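Next come the structures, one after another.
Each of the next two complexes has subunit A plus one more chain, namely subunit B in the first and subunit C in the second.
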Partner chain A sequence: MNAQKELLRVEHIRKYFAIHRKYGNPKGNYLRAVHDVSFTINEGEVLGLVGESGCGKATLGRTILKLHSVTAGDIYFKGENIVNYGFKKMLPIRRDMQMIFQDPFASLNPRMTIEKIIRAPLDTFKIGEPRYRRDHVAEMLKKVGLNADHMNKFPHEMSGGQRQRVVIARAMISNPSFVVCDEPVSALDVSVRAQVLNLMKDMQQELGTAYLFVSHDLSTVRYICNRIAVMYLGHIVEIADADELFNNPKHPYTKALLSAIPVPDVDQKRQRIILQGDVPSPMNPPAGCAFSTRCPLAGSKCEQLHPDLVACGAPGHYVACFWPE
Partner chain B sequence: MSEHLLKVENLGINFINGKDNRVNAVHDVSFELSRGEILGIVGESGCGKSVTATSLLRLLPKGSSELSKGSSIKLNGRELTTLTDKEFREVRGKEISMIFQEPMTSLNPVHTIGRQMMEMVMAHNKISRKNAFEICVEMLEKVGIPESRQRMGEYPFQLSGGMRQRVMIAMALSCNPSLLVADEPTTALDVTIQAQILELILEIKQNLGTAIILITHDMGVVAETTDKVMVMYAGEIVEYDGVKEIFHHPMHPYTIGLMNSIPRLNQTTERLATIEGTVPDLNCMPSGCRFANRCPYCTDRCREAAPPLVQLGGNRRVRCWRVGETQEVSAR
Partner chain C sequence: MNKKSNGSSGFFKRFRRHRLACIGLFVVMLEVILVVFLPMIMDLDPYSITAVFNGPPSAEHILGTDTVGRDLLSRLIYGGRISLLVGILATAISVAVGLPLGLIAGYYRGAAETVIMRCADIFMSFPSMIIVLVMVAIFGNSLPILILLIGILGWPQPARLVYSRALSVRKMEYVEAAKVGGSNELTIILRYVLPNSVAPLWMNVAFQISSAILTESSLSFLGAGVQLPTSTWGNIIYQAQNVVVLYSYPWIWVPAAICLIITVVSINFVGEGIRDALDPRMKR
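Take a look at the complex of A and B:
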């Protein structure tokens, strides 16, 4: 692995969605999906992005690939600031950054054969000579655990796990250096999930690809990621190496999140932190710390000021909290 | 034993698919449940866990599904399968009630919470609107909804997912049923909200003594909330025992595979164990063991004849020909 070489740097990125004035929103407010997020990903690294639904994790993933327009901030990919690149200028870069979507039932065109689907990136980016592309597809299918017979099939003839393998093959065939994986295994059954996770890990190690692995499932993230960022209501509240985050969580939200996960172990009776209430609306977030409305430690400072990410404890461990423990 | 609250025997469910095409979705399911117990049913999608549970409330579509011969469901010693539909309406909601997976779609969006809850209470009890209202307010309070009096006049869209699931639970409990069937009650919710709802379910069990059937595919939820576990695969029970016994000592190869394929939180795993292949199609079930094509311990005998559910020592029941041998393998 090509350690410590920076691949992607995101600086103060924001993504606001405008809400139509008509729908109970006379002031013309914005929905703040991603609010001032910065982080880096090194080459060959897997960064996990976890959080509950609506925290902006998927939006962040898509915004980095510029599938959403960026409201503010900078994205440096291999040293280039790609924020203001238009469609044409993005095209050669897209070969290097791909995406694996959540729902394999929705992300494959039902009218295209598997060969056509996986071949599409080769045709778009003009990789290899056309007559060899079919062999290239067959080779890729083998790598993801399918075989050449599947080439002439349609997506509906395959099971969920097989379809997700096709999605992975499509993302990996242009040999990208960065892939955003948006909940790639949430739609799959447990036994199939393990197969796909192993495949993703193998591919990552073989090709040295960097992943941004978006998921709500912390145990999956722990299995596949080197580093983990926890998001809450559009902010990153904590970021650290995987082992460090699990063994030594500092943000009260991370702690609650870790303790809330049911553990498949009948002997372990853990002290569980149960958070009261629900996540506030991103249309009307709290003035201070986003977590202050549910935080057991919140004081008046938390309600007024917004904490920044600061280094805390082990190297590479950053927390956005006034009272990190 | 007559002390069991619910006793299901040889339950089989067929779906009618055209004239002479019957698809067997659930086969030979038997279990029993006592008061204040939580039974977890686990399995992958399509294994028949939801169909089994829905059939207890007779909610399966009538023309296109049927119970197979010899199926018996006894609640408090009373046979439910022979009741007429009219008689069954007295049971459904009052003695057995159900919580569904999607709190977003299981509440009627055009009626207030109060109206939906009161309808149920008034259908089963001869009481005035005013009393019904009070009962519902009390139920909402019990499930932890603040300002419940005001909530009664609100519509489902005004509540969050967790709150809606609480309303569903309150509604299901409003007639004080002896059995509650919860079909993946937390799957659509976030982990922190899931923790709140599971806590509530445990409280209900303790305070009201309701027996609960909890359907889930999350082994973590099973380990933390249930007393007994039934593992289903392709429409059959493959293993059944107390939760501790199953987790300490899984015997069926499918259960073993399932346990090994979950990523753990408290340890780093180099590589997950997998169960190769996929679940067989309901239309063409193998004649032998239904797990045979994915089983690492499969022999010729497994492919030829379907194994029976064998009762072992304790409460353990396992459906596997090689049960003694796999036991040694799993002990590692």
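Take a look at the complex of A and C:
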């Protein structure tokens, strides 16, 4: 990374979903999807966000884009706190923060042609003169590996990989400096995954965009990310540079995750760490460390106190554990 | 592969491919033309009473005469004017009221959903006949009021259909994509939620037109609708309530019943055609 200029800073962000809000929620039940998460993303950096299903990683990405209301915390984008921005104030910022969605079969309006879909951000953000917008769309299609012939097609006439290219084109056409990628390749066939991933990497390097790359696939994340944050039950438990995290994991949960990556070598004996039990319910999380119910190292301190992220080892390596190794 | 299938040209292309819908549209147009222009060409008199009661079809009265000796062809044509008007206008009002309310309830949920959908339930469970009878008693008995009443009382059906679709469409990622893309709520509702939620409505429209026509005739029967001697298809068919008419004088009610059925079936096909033509995924 060259400039190291901070682009996005998230501070103590929380997103709770009320359950039965409709009937006044008498019991006050909440689902804690994201609980007290802080991190920063520099310009042109790719931060991976990994964790198992339901750990709140997708919710975190959507909350930063304000697709969900924020329960508490601050989001600084280019130095501005956007948490309380309404629709009008968000508009110029939306141009600069976009999203690539998971399911290319659900993220394109089936009633719109590809041209209209990609052009929509140009029209809402009033980018360029209207008569040049069509050319702009054609140019963008070429960049993502499609061509101008695709403009008059409808999404159903394209394959999953092609659709995901359209999704990328739509996200990139306003030239954003930050893009949330919500499992962008997990819905694709394995054969086209690498192509789309390479496309995203090329775009990122060419345009200097920063990504928040949400995924459950560690190999994908390692391939594309500079830094990786590991999430568990709404918390970030460890964050470090990609190589550092893979070579020198500190948190017992990270270790268990890394040990589950398949190795393409029959002779190599892997030491798999099998975690016992299930992830606790985010409606009733443990009092102390979120991981204490399944952690092989957990003691009584872990059950009572919640560990904060603290620097540990290499610079930029933070871990939320009382017993980091 | 169709080369250019965007915009309205794609709509007409797909509609033309739906043969039954084209026939249906032709039949409905023909009916409207006949009902509007035939009285200008032919000498039709739906009111004057002739000497022949319950007369079977003859050279003088092509479709025969009714129980009090009025020419049935004239009554069928003039009745069609009222019935088609009531059916189409009342349904248009139902959709105009129900469609936006259903969209709002399904897209915004929360308080709007509770208020709108519970109102729809109340409207559907309350006997609408009684409301109409009371309203007619207050505002008097005229065709515009009747159309308005039938139309407004029919809003829950389109509202519920659109609502149930909007519930699933609002959670689609393309709606989120529109939000991230800076689209305002109105754009999202009109360009993303509406086009993906209206499909089931087109089929319902046909049924609603026929039920509006029949509601009008049952109101006439109760004395609150269009009054005799003005004829409607409904009140012609209602004469078949008399068992003697039903069995012995089928020419009185059969043509009106056939007209009603043909209209409903045709509109049904047109509805199906519009639904398919609006969906770019349909190509065949």
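Assume the second predicted complex is superposed on the first by the 317 of 325 C-alpha atoms of A that agree within 3 Å, B and C clash if a C-alpha of one lies under 4 Å from a C-alpha of the other, contacts with A are read in each partner's own complex, and residues count from 1 in each chain.
Throughout what follows, a contact is a pair of C-beta atoms (placed from the backbone, for glycine too) under 8 Å apart; a residue touches a chain by one contact, two chains touch by 3 or more.
All values reported here derive from a predicted model rather than from experimental measurement.
Enquirer: With both structures lined up on subunit A, is it a clash or a fit for subunit B and subunit C?
Expert: They fit side by side.
Enquirer: For the superposed three-chain arrangement, provide the angle subunit B-subunit A-subunit C between C-alpha centres, rounded in steps of 10 degrees.
Expert: The vertex angle at subunit A equals 80 degrees.
Enquirer: For A:His156, select first, second, both or neither according to whether it touches subunit B, subunit C, the two together, or no partner.
Expert: second
Enquirer: With both complexes overlaid on chain A, does A:Phe125 touch subunit B (first), subunit C (second), both or neither?
Expert: A:Phe125 sits against subunit C, while subunit B stays out of touch.
Enquirer: After the superposition, pull out the minimum Cα separation from subunit B to subunit C in whole angstrom, please.
Expert: When the complexes share the chain A frame, the smallest subunit B-subunit C C-alpha distance is 14 Å.
Enquirer: Based on the A-chain superposition described above, do subunit B and subunit C contact any of the same residues on subunit A, and if so which?
Expert: Comparing the two interfaces on subunit A, one with subunit B and one with subunit C, no residues are shared.
Enquirer: Can you name the residues of subunit A that touch subunit B in the complex?
Expert: For subunit A paired with subunit B, touching residues are 52-53, 159, 161, 189-195, 197-198, 201, 216, 218-220, 222-223, 242-243, 246, 256-268, 272, 274-275, 278-279.
Enquirer: Using the touch definition up top, name the residues of subunit C that touch subunit A in the complex.
Expert: Against subunit A, subunit C makes touches at 1, 3-6, 110, 114, 172-174, 176-184, 187, 191-192, 195-196, 278-281.
Enquirer: For subunit B, which residues are in contact with subunit A within the complex?
Expert: So the residues of subunit B touching subunit A come out as 44-45, 160, 162-163, 190-196, 198-199, 217-225, 243-244, 247-248, 257-259, 261-266, 268-269, 271-276, 278.
Enquirer: Enumerate the contact residues on subunit A facing subunit C in the complex.
Expert: 22, 62, 65, 67, 87, 90-91, 94-95, 97-99, 101-103, 106-113, 115-116, 120-121, 124-125, 152, 154, 156-157, 167, 170
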